[in-house]
Amino acid sequence: MSTVKDIYSFLDVVAPFSTSAPWDNTGLLVGSETKEVKKVMLSLDVTSEVINEAIENKVDLVITHHPLIFEPVKSVTADTLLYKAVSSGVSFISSHTCLDIANDGVNDCLAKAVGLKNIKPVEEDVFLKIGEIEEKTEDEFVSLLKEKLNCNVLYNSTGNNIKSVAFCSGSGGDLFALAKDCGADALLTGEAKYHEFLDASFNNITIFSCGHFETEVVVIDCLKEKLQNEFKNIEFIKVNQKNVITCK
Amino acid sequence: MSTVKDIYSFLDVVAPFSTSAPWDNTGLLVGSETKEVKKVMLSLDVTSEVINEAIENKVDLVITHHPLIFEPVKSVTADTLLYKAVSSGVSFISSHTCLDIANDGVNDCLAKAVGLKNIKPVEEDVFLKIGEIEEKTEDEFVSLLKEKLNCNVLYNSTGNNIKSVAFCSGSGGDLFALAKDCGADALLTGEAKYHEFLDASFNNITIFSCGHFETEVVVIDCLKEKLQNEFKNIEFIKVNQKNVITCK
Amino acid sequence: MSTVKDIYSFLDVVAPFSTSAPWDNTGLLVGSETKEVKKVMLSLDVTSEVINEAIENKVDLVITHHPLIFEPVKSVTADTLLYKAVSSGVSFISSHTCLDIANDGVNDCLAKAVGLKNIKPVEEDVFLKIGEIEEKTEDEFVSLLKEKLNCNVLYNSTGNNIKSVAFCSGSGGDLFALAKDCGADALLTGEAKYHEFLDASFNNITIFSCGHFETEVVVIDCLKEKLQNEFKNIEFIKVNQKNVITCK
Amino acid sequence: MSTVKDIYSFLDVVAPFSTSAPWDNTGLLVGSETKEVKKVMLSLDVTSEVINEAIENKVDLVITHHPLIFEPVKSVTADTLLYKAVSSGVSFISSHTCLDIANDGVNDCLAKAVGLKNIKPVEEDVFLKIGEIEEKTEDEFVSLLKEKLNCNVLYNSTGNNIKSVAFCSGSGGDLFALAKDCGADALLTGEAKYHEFLDASFNNITIFSCGHFETEVVVIDCLKEKLQNEFKNIEFIKVNQKNVITCK
Amino acid sequence: MSTVKDIYSFLDVVAPFSTSAPWDNTGLLVGSETKEVKKVMLSLDVTSEVINEAIENKVDLVITHHPLIFEPVKSVTADTLLYKAVSSGVSFISSHTCLDIANDGVNDCLAKAVGLKNIKPVEEDVFLKIGEIEEKTEDEFVSLLKEKLNCNVLYNSTGNNIKSVAFCSGSGGDLFALAKDCGADALLTGEAKYHEFLDASFNNITIFSCGHFETEVVVIDCLKEKLQNEFKNIEFIKVNQKNVITCK
Amino acid sequence: MSTVKDIYSFLDVVAPFSTSAPWDNTGLLVGSETKEVKKVMLSLDVTSEVINEAIENKVDLVITHHPLIFEPVKSVTADTLLYKAVSSGVSFISSHTCLDIANDGVNDCLAKAVGLKNIKPVEEDVFLKIGEIEEKTEDEFVSLLKEKLNCNVLYNSTGNNIKSVAFCSGSGGDLFALAKDCGADALLTGEAKYHEFLDASFNNITIFSCGHFETEVVVIDCLKEKLQNEFKNIEFIKVNQKNVITCK
């Protein structure tokens, strides 16, 4: 028999919760450590639909990337996701920034999906790594990203060829200057602001923004496989969630 | 049919939630505004026993003085009172500092219990009021307090007679200097620290400390009566809670 | 003969600089108040290309939306836009958040471009206004936006019809909750983050994100016309700048 | 001949002033280092009566636990204890939190008075230590405390037997959670608040509160003996002070 | 019979203590309100010599400009001026920034000594006023200052004639920019820093620095006369203090 | 061929920029690292006259002690020194607090000029050092200072002989207490405030204040010589600047 605590402990090895960013909120956020677990669902986010799906599928535990509670709460009323989560009897664990930076974590899965090689950490910021790809034109690199990540690509065209690529899954647009300092031709990330694109152009580096969801969802299969290998008697399923953003 | 919202609205008239202290947390802290209410329990505190009693008595709502959530929370796990409260399906409203200072609120009930007359507010601090009693020796005043509040009395004996009495239910020991400035012979409160007794002696004012619980519990019957008069079809009960502190 | 000061003073009537946000930096940022002005260029941003274009066109003054200096600087070295700007001899005025909120300013031009009627301010936030459009399906509204603003549209599909539209040009994704409180069916803005789309879905409001550049550039023609009417002897030109972001 | 400086230096060995809490104020607070000392008085507090007694007894130096000056002062007028102290010509040394935590200091004297064995420090907080006593029922432990410390005892009855006891002389009620984490059955201290008793009950640990004065006064005889052994030609006397708090 | 309180109250009319700067410390700093006063000494500063002179002259009260206590104190030991002051039995009142800005206060006495006319306050800073003098060359103005204030003059020579003079007794060098904005040709003050002289030159305004002591001591005779007129039965004397700074 | 970068690098060895005080602003403040340098001017300050002199002399680089930009700027308009500096095409490097504390830096040059021996650093403050001189009366020491530094001397006469001298070029009056703790008879510095002289007298130490300019200008010749030795093909000249302060 396995408990929520057992899975928590395994995740703590995969991506130690103590390595989460100070502003983050990870670990067991709702539920009971001692509960027996037979079925687990993995999801990037917690939405009302995700909780419904958890209940319908009779799962005991939901493992999410983004935390169910972010700002500390002063009440738990019936119109909140938190109330719905607690009342469901399901437990919720969040593995967020600790999973972003872990070996084989979110950021590494992004690099793998795109085919980057010779991955190295960037000393100044744990969320940024740098890798290499066979030299390509800007257009060729955009095509590669669209194919591998199944996404739209926003970028500030500099016309430069791309060989050295810094990358940060999720929201990493503010890291372009650091990426440039590390010698990268480009920064691959999920979200960037207009002024970050502007400043990147002035600094002669290209930001390729491929979607917060699309640069993070790559971790789900990888994590599911690890968990299934460790807990053979537990059933692991993926949530049916799609990217909340439509682009037309 | 009455709902949680109806009772919330009535309490908001009795003691407007917006008058709570900035550091306080009052109002509907757990549960649903739209739930129908047939049975309500009143309690000074929320403890594990109080939640059990609420469940056993099948009450729909618990009204407490002290808030169920004080420090904002970042998780709701099974070893917390909050988890137990949310899972119980019962709603919880807290009327704390707003009830302390309301007309016929906690502090006024304390004055009434002891027999103070000519009650006047103190401009500098809403938690302090001042009243009068027929002049008594220190010993006579102690006897009166023990009889009316059924409590032990701690005080710094000054030998002064007592006629003008400032009062603050709960923890009000730090108000002795303001009480002195208002011309009071004594400060009646629920808790004071050793150094407050010392300083009060230097300032020639007597602090009579009668217990946090004993100076606040006087409000329960008064509030219950008001609610019953307004909501004739709802059953209001008092929790069976005793003071958590034993004195030997 | 007109000077930089004369144009500054006219802009100060159109959009008073003193109404800029406290964190903003507007007004005459580089150059000389007393210089004679014969030719003026208007631009949303200041980039290296914009300064080159100003020099080539022999303009005396550049009026920009986004400020040339944002973070206060401790040095002005040759590798900065600021050095290039000062050395060019051209003057630079920024009209940023004051123009966003002015009558006929950036936000109003956005509403006009899309065809919103009955525009009303939102008391809690000067950057947000609310208007109405003949009721449309989500798909119809997306088509309208694409046509009028010549942009891609990102949105969290809720399936709701759209009639009441809150709007904020530029980066306004964080205003969705306030928009919802004002009764809006949708928030029209230029940029929003993934988590803002997620939270908006939970709150049953649709964010339509049409591009920072595309929701702001609508002001340029309007401002140019106003200036030309006032200063008949000055030549006003628009910069040749395109949106720095390419989408594929 | 011995001076104030000599006694200061000896106290600095017994309980180094540099180990005082950052918010504390210890050392020579009033008077002169170079004055000759023939007679010294020891007292827990400084009150008007203590200064009178010092003058009547013609003592040269008063050693107190609680500091004569706590909040820094901006004036020294005739209605203050400080003015009276300076005008008396007597010197005043305070050994407060440094004495609390010293070997054979206040906290150790409390443990000794109650008969605790196997005393160990608690790493997380210098004011808390933990010791053991032959296992007793709650009632037996209360009786022991009343006998050894000559005090009233306030406690939140849990019904648990007592064997492992964390202890902190003076005001230590806020340390119950740390005491629990260290495996203690009980926290022995001088003062605790109502809400601390409540929370301790929820955490299944008993706070025994025996009086701020009673848990600290145990140090006076011990300190007097040490000083007399070191300074044979000086007369050391104890102040005649009683606990300022009466309990009825 | 007059008391310290009576003189305090008169000074509070001449220069209300409540108008002192927030960082200042004025009023009765040492001694007793109720003490009878027969002899009073006036002094700009409190030094060891001033206290000796007060004792030798058997004065009951010393009125000073600069406060005896500036930074709040945590001890009063024999090597401090404060200990000496308290032990002397003399009372000490400070009238500092409130006297600087009062009508006929320090700053006004400076203007009178130099012969400025048409004195007007400066709205932005209560410590600065502005007046006029018959137009003079820089050299003529320096000669006037040396004669009237009996001082050395430091100034950044601009060659400008002087007619409109802003002035601030004591340390006012940082006010040169405000003085310039008010249309002054010069700033007359007691102390200025090297970088303030430098910046003043760039701003084309002359700072004339005549000594902190010399620009303030002008108030003593004026204040002494006011006090003597009000309290005919008290003897008022001036301290024998000279400027602590020698210039060679 | 030498560039601005080459001279910067040499200065970084002479007085490492990274040792500047946190509030300071040193290094290349205006201009271009890659510019060729044929002629360099050295100056203590940057004033309008200094920039004019640089332009007239066709220098490529100005090295100053005090930084051209101190408070970070939000605009660069034609009425500022910064605008004039950038427009001049000249580069500006500041070596300020790093040069103050460097070996053979400003402070060391002051000691050398006055003839102090056995120079030792003071651990608590890098800006203060202490040295010795053959014992002199106060008057003799004043004469020495006037002769060696060609200055007026302000001092609080204590009558003490002078042998051990703490020193701090520029503004160091606030260091008198530390100087006293180090056993110095006197503090030699460039500027001190009236209240610092007063407090120094109470602490029985003499402050000799010889002028900010006069105690710093001693470094210019020394630095010029070092640079000329290193860069034989560059012409180094001194600015014609005088002390901005006149004393009469």
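Note that the chains take the letters A, B, C, D, E and F in the order they are written out, and that residue 1 is the start of every chain.
Keep this in mind: a contact is a pair of C-beta atoms (placed from the backbone, for glycine too) under 8 Å apart; a residue touches a chain by one contact, two chains touch by 3 or more.
Here the structure is a predicted model, which is why all the values come from computation and not from measurement.
Q: Can you list every chain in contact with both chain A and chain F?
A: Neighbours common to chain A and chain F are C.
Q: Chains in contact with chain D and with chain E: which ones?
A: For chain D paired with chain E, there are no chains in contact with each.
Q: Quote the value, from 0 to 180 degrees and to the nearest 5, of the angle by which the CA atoms of chain D must be rotated to coincide with those of chain F.
A: 120
Q: Could you pull out the chain whose C-alpha mean position is farthest off from that of chain F?
A: B
Q: Taking all residue numbers at the chain E/chain F interface, are over half used by both copies (same) or under half (different)?
A: Over half shared, hence same.
Q: Roughly how far is chain A from chain E, centre to centre by C-alpha average, rounded to an integer in Å?
A: Chain A and chain E have C-alpha centres separated by 66 Å.
Q: CA centre of chain C versus CA centre of chain E: separation in Å?
A: Centre separation, chain C to chain E: 54 Å.
Q: Between chain C and chain F, what is the gap in Å from one C-alpha centre to the other?
A: That pair's centroid distance is 48 Å.
Q: Which residue numbers or ranges of chain C touch two or more of the other chains?
A: Nothing qualifies.
Q: Examine which chains touch each other and state the graph shape they make (line, ring, star, complete, other).
A: Chain contacts: single closed ring, each chain with exactly two partners.
Q: If we trace the ring from chain A over to chain B and keep going, which chains do we hit, in order?
A: Beginning with chain A, then chain B, the ring reads A, B, D, E, F, C.
Q: Can you tell me which positions in chain E touch chain F when the two form their complex?
A: The contact residues of chain E facing chain F are 45, 47-48, 66, 81, 142, 146, 152-157, 170-171, 190-191, 193-195, 197-198, 201-202, 211-213, 244-248.
Q: Help me check something: in the complex, which residues belonging to chain A touch chain B?
A: Within the complex, chain A contacts chain B at residues 25, 27-35, 69, 71-79, 82-83, 86-87, 89.
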